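Structures given as structure tokens follow.
After this come two complexes, each holding chain A, first together with chain B and then together with chain C.
And now, the complex of A and B:
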């Protein structure tokens, strides 16, 4: 039906959408600020560029892949295969670098390979109708096998400095800002805008809220889900280039190990609901920054590195607990 | 009425799900600008018809014509593109998104690649006003609204597109009378604008206020289409069940004796207070109240879902204070929850499992292994006794219609005859035939000595089965009626027209 056109649009745009930065994200900014302040107080060298820059470089791959993971988790899925996918992309790309491939072509190669792996996950999850955790658990092992086969029980040695533009060194910075981190922030910003302001972006939230209802509303659910895993794969490809750039000239079989958990931790700490339907990539960036700050802080203070696992664990429990409490109070309303 | 091509016509439709023939043969023809009611018992095939029309399922045989031209509806997108909008029984909404976003999901107003929030919002505000909802709802996440408001949002959602056919699947089941009135106003406005409305409801009396034609379905077939003027509630009910309904209410002797279940001055701060109820063995007591009277909160306390803050509950003279439904059951109170989908069923399990859950001790050998053969025979016996419609007892309960699922949940309580049975809204969303069977089972249980407390907001139900009927108003029990109370008296008391003569 058509509605009568007599009413002028009410209220300004700023009030139509929820606040751009959520309360949880403000809390995260506060926590990061406190950690940095404490670190600066204890080790005055911390706030120098020489200390912050490596922190940002180290945050980049986790936060970057976290963008894809955030979208996946918003749709109500999960991808535990990113660790294995990082290994496949890194070893393949590193080998080509050794063979003398140029940086742009190598990045393209990594992204395409990552995209293919993401496509495999996406196709199986969207059309296979099996829960994402089962599918990606399976593909995680598959990717790991593939990665180890590519290594051929040797490390990849003599990787040239082709990717130094993404690295920790002077080549990796412009005006003091590490390129890897700048690219991550840029992609996060694009994703933030996409998720917040486009119909396609909002459909990810609809699917995570109620996939059946989304289908009834005419959302092409399978295509959206496929896209979420494909995007994650593409970002894994780019993230792998950052990983290679951060390493030495040798790449060993430990590459990518446990990265899926680091990425999921960043997403969850960032306030994205593990039950789907709610979340933001800005939170994920902050979550990744927080995890990395804790890790390097523990190192700088000379504490046992196990403590950083403890702190990250506490943050995850608090974040998930907040989410569950929120869902519960809503249900009993 | 049939000179001009109907807006929508379905001919020779059939659909099977595995071994279940949901629709055997259905014909329906809907005119623009009319309200066409589709009625039938649960399981008669109405839901499947709606699913076929809205593109969720595809018919096995048959044709669909839209404005005289044959069409194929292969998916929900096709239906939406034709202008067929459906409001489902359970709101199909996204709790984390705002009302405005929910209404426009799948058909966002786009401007240069992005969603035009301001324009969408302005339209939503108009729609909300049309439905009598506050404009500020537009930016509220749907999960923060009440169920009734969510239902209205789903109606708003269906109106946002240019609907030519609007399907309302039991829209009134969870609405109050005032909200239904608003709904009817909207429906009339839409039909005046030429929209064809397909209206599904179990509340047959309301069809006479809104419907133009009625199509009756029974056992997967359309029995016929009748102008509403040729029908009355009784006639529709008879067409639905395919026989003559008995209105005879056998008079029952209520045995004397001490009360088995007593609520003594029970209260819960802010919800209800000073509730006094006594139920004797073999007696059916109904607590009846309008929505918002506190009647459902009383049930939640007896069930152990909420805790009372004052008063006592006595079972055979012993005070009990159940802290959970499990405890209430251990105390010897059998429960039939109102929200069977959430509280009552193991959806993916078989009927047999659903019946035997909670009685595994009785059904097990040496207290260890479940005796499958015994489980099956008990289930088969109860399926027969309750006239549950299912091909076999291993069918998962999620594949059943509402009325049949409710019978299965009730069957669980009947494996061992309970001493006290508490039912909340036992026939909500259940069709006439199943309702009658459920009432018969409740009466049978009372006759064999069970003390039954029914909490309901369905007045005809209360009048039909109650030996004593207590009216709840303003959070407390007020007037008591005997078995021969009239509908008018009870309703007047519940609405506050009668002096309180029973404290």
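And now, the complex of A and C:
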């Protein structure tokens, strides 16, 4: 089956797949390069491994969860419960680490717990036939309740360095490349290939373009939608391990707060259409990198760290705005 | 929504032979107001029974219920703001109301607390600043064509950041602001006041006028009919010659205006203009959207009533008030999250079921 991504039929008929790297992604690379250049000019210490490596480590969880969120948004849905899900996964895993669990089992635990939470969302959305934003607003509260109950009004203290292979330290790098970022890039690459070159991946786009037409064309819409939220949940689990690894030995109740909006912002800045049917995980990775560059840039320039949110807002408006203008000129041409 | 692709099927003999029980069930499921009224009675009776059995840490009585209504003021007002925006259709939603409350609260803090403007002028300026911030949302959504979720996510970030940066992260709590706490006190009603509990003043100064104005706007003006029109079918409304863009733009502006008034209430409640007033923790937008959806507002637009939002607020406020008494310390606020989430998922699933079985709610 042919799923064309662009609505303008005449121009896209010659090419079924969009370009491997879209124009917006090239622009993002350019913007990141400019920001890095400005930062390097202002603070010469910026373009050193000691400054870039923490930046990549900090980008990893947002970009990783962003892969799942991209697929969810491509199907025309959204998941605002990832903040709560991160809290549940990380507090549960951190407590087990304190109890002396080994790293591989702990990762498995986090991923399974995340998967279960994603499954809850997926089942409610796919089979309850309710709008995703409503259901995930609801489950966000439920997950938050669950996470706070697990905390039990106390912080989790004395977390051992079991996850240092994902962390900022020397243990967390091979040949200077942080493991957390390398894993994120690997999963992004896999997802990029899966979404672009397999029938199953193209089905997500078909559902986002027109769910009814996709069903008539033989796509098992409900199973695909369920899978999208399940994948997000699994990645939230792995992302939570990165979050624990980046933190100190203490985990407090603010873990995960506001992360859902940060992830959605990265996806949207990366050029994925919130209306569904169009987007790429490569853009999301770049979007997350851009947001993190701005955040660390604002602190390095000595401005109030709260100012970075203003830039995130402006970037969302500019990214989506230019996309809208392009779509408009395409239509009128 | 993408997953609802099968059209609702109606069996022909659905309405002909219907027993009393089935009819009651149908009324409960299709009339959201009836369902909410029943739920409110159930919740209140339940907590009265718990109270009589001695399971609560303090007495759950009419005085307590009346005093807890102060929490209904910001909640219901923002719920009405979301009602206007969601009604306008095309995925209408406003994530930025909490950030607008924070930022215009800071404006109020400066105008009344720092510069010593008269109270009425400070309130007017605060409300106008809220309307201006809402108008930015409206411009992006209605005229540029941004999806509402994206536009208001972006402005949420921007306003939140500005509110914190504008006074270097510190709240404003000068003496005039602190004295403002008096407007949240409870008063005895005139004439028959000694027979009923004292009622929080904010209910009359802010909530009641907002409810009346929004109701008149939606039910008795041309604008209201247009809003339902563009929310139900954007294209049809355009072909019918309605000013689609202007109508949608105004919906976001009015939502900002209401958020501006909420900012005054919030500053008075905290006795301080806090830069994170509307965004701390879960923020104010999520509960407001929850209230709207619980009140029967369809997220797809065009369906929703003021009465539903008001009843949904009463349900949540009295439920939360009871939960606070049923648990000790932090547990209470955590169980409030559970209740809010469970009620929202329940209401959403119910909406879906009703749509399939009866063809929609009213």
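Just so we're on the same page, the second predicted complex is superposed on the first by the 305 of 333 C-alpha atoms of A that agree within 3 Å, B and C clash if a C-alpha of one lies under 4 Å from a C-alpha of the other, contacts with A are read in each partner's own complex, and residues count from 1 in each chain.
The rule we apply is simple: a contact is a pair of C-beta atoms (placed from the backbone, for glycine too) under 8 Å apart; a residue touches a chain by one contact, two chains touch by 3 or more.
Here the structure is a predicted model, which means the values were calculated and not measured.
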{"item": "Touching partner for A:218 - first (chain B), second (chain C), both, neither", "value": "first"}
{"item": "Comparing the two partners chain B and chain C, which touches a greater set of residues in chain A", "value": "C"}
{"item": "First (chain B), second (chain C), both or neither touched by A:45", "value": "neither"}
{"item": "Touching partner for A:198 - first (chain B), second (chain C), both, neither", "value": "first"}
{"item": "First (chain B), second (chain C), both or neither touched by A:139", "value": "second"}
{"item": "First (chain B), second (chain C), both or neither touched by A:19", "value": "neither"}
{"item": "Touched partner set for A:206, first chain B, second chain C, both or neither", "value": "first"}
{"item": "Which of chain B and chain C A:278 touches, first, second, both or neither", "value": "first"}
{"item": "Chain A residues contacted in one complex by chain B, in the other by chain C", "value": "208, 212, 215"}
{"item": "Contact set on chain A toward chain B in their complex", "value": "1-4, 7-11, 13, 15-18, 197-199, 202-203, 205-206, 208-210, 212-220, 273, 277-278, 330, 333"}
{"item": "Of chain B, residues touching chain A in the complex", "value": "54, 56, 76-77, 80, 86, 88, 92-98, 100-101, 105-108, 110, 113-115, 117-119, 121-123, 125-127, 129-130, 135, 138-139, 143-144, 146, 157, 159, 162-163, 190, 193, 195"}
{"item": "Contact footprint of chain A on chain C as seen in their complex", "value": "1-5, 93, 95, 140, 144-147, 149-151, 153-162, 164-165, 168-169, 281-282, 286, 289-290, 293, 299-300, 329-331, 334-335, 337-338, 340-342, 344-345, 348-349, 351-352, 356"}
{"item": "Chain C partner contacts - residues on chain A that touch it in the complex", "value": "75-78, 124-126, 128-135, 137-142, 144-145, 148-149, 153, 207-208, 211-212, 215, 221-222, 225, 257, 261, 264-265, 268, 274-276, 304, 306-310, 312-314, 316-317, 320-321, 324, 328"}
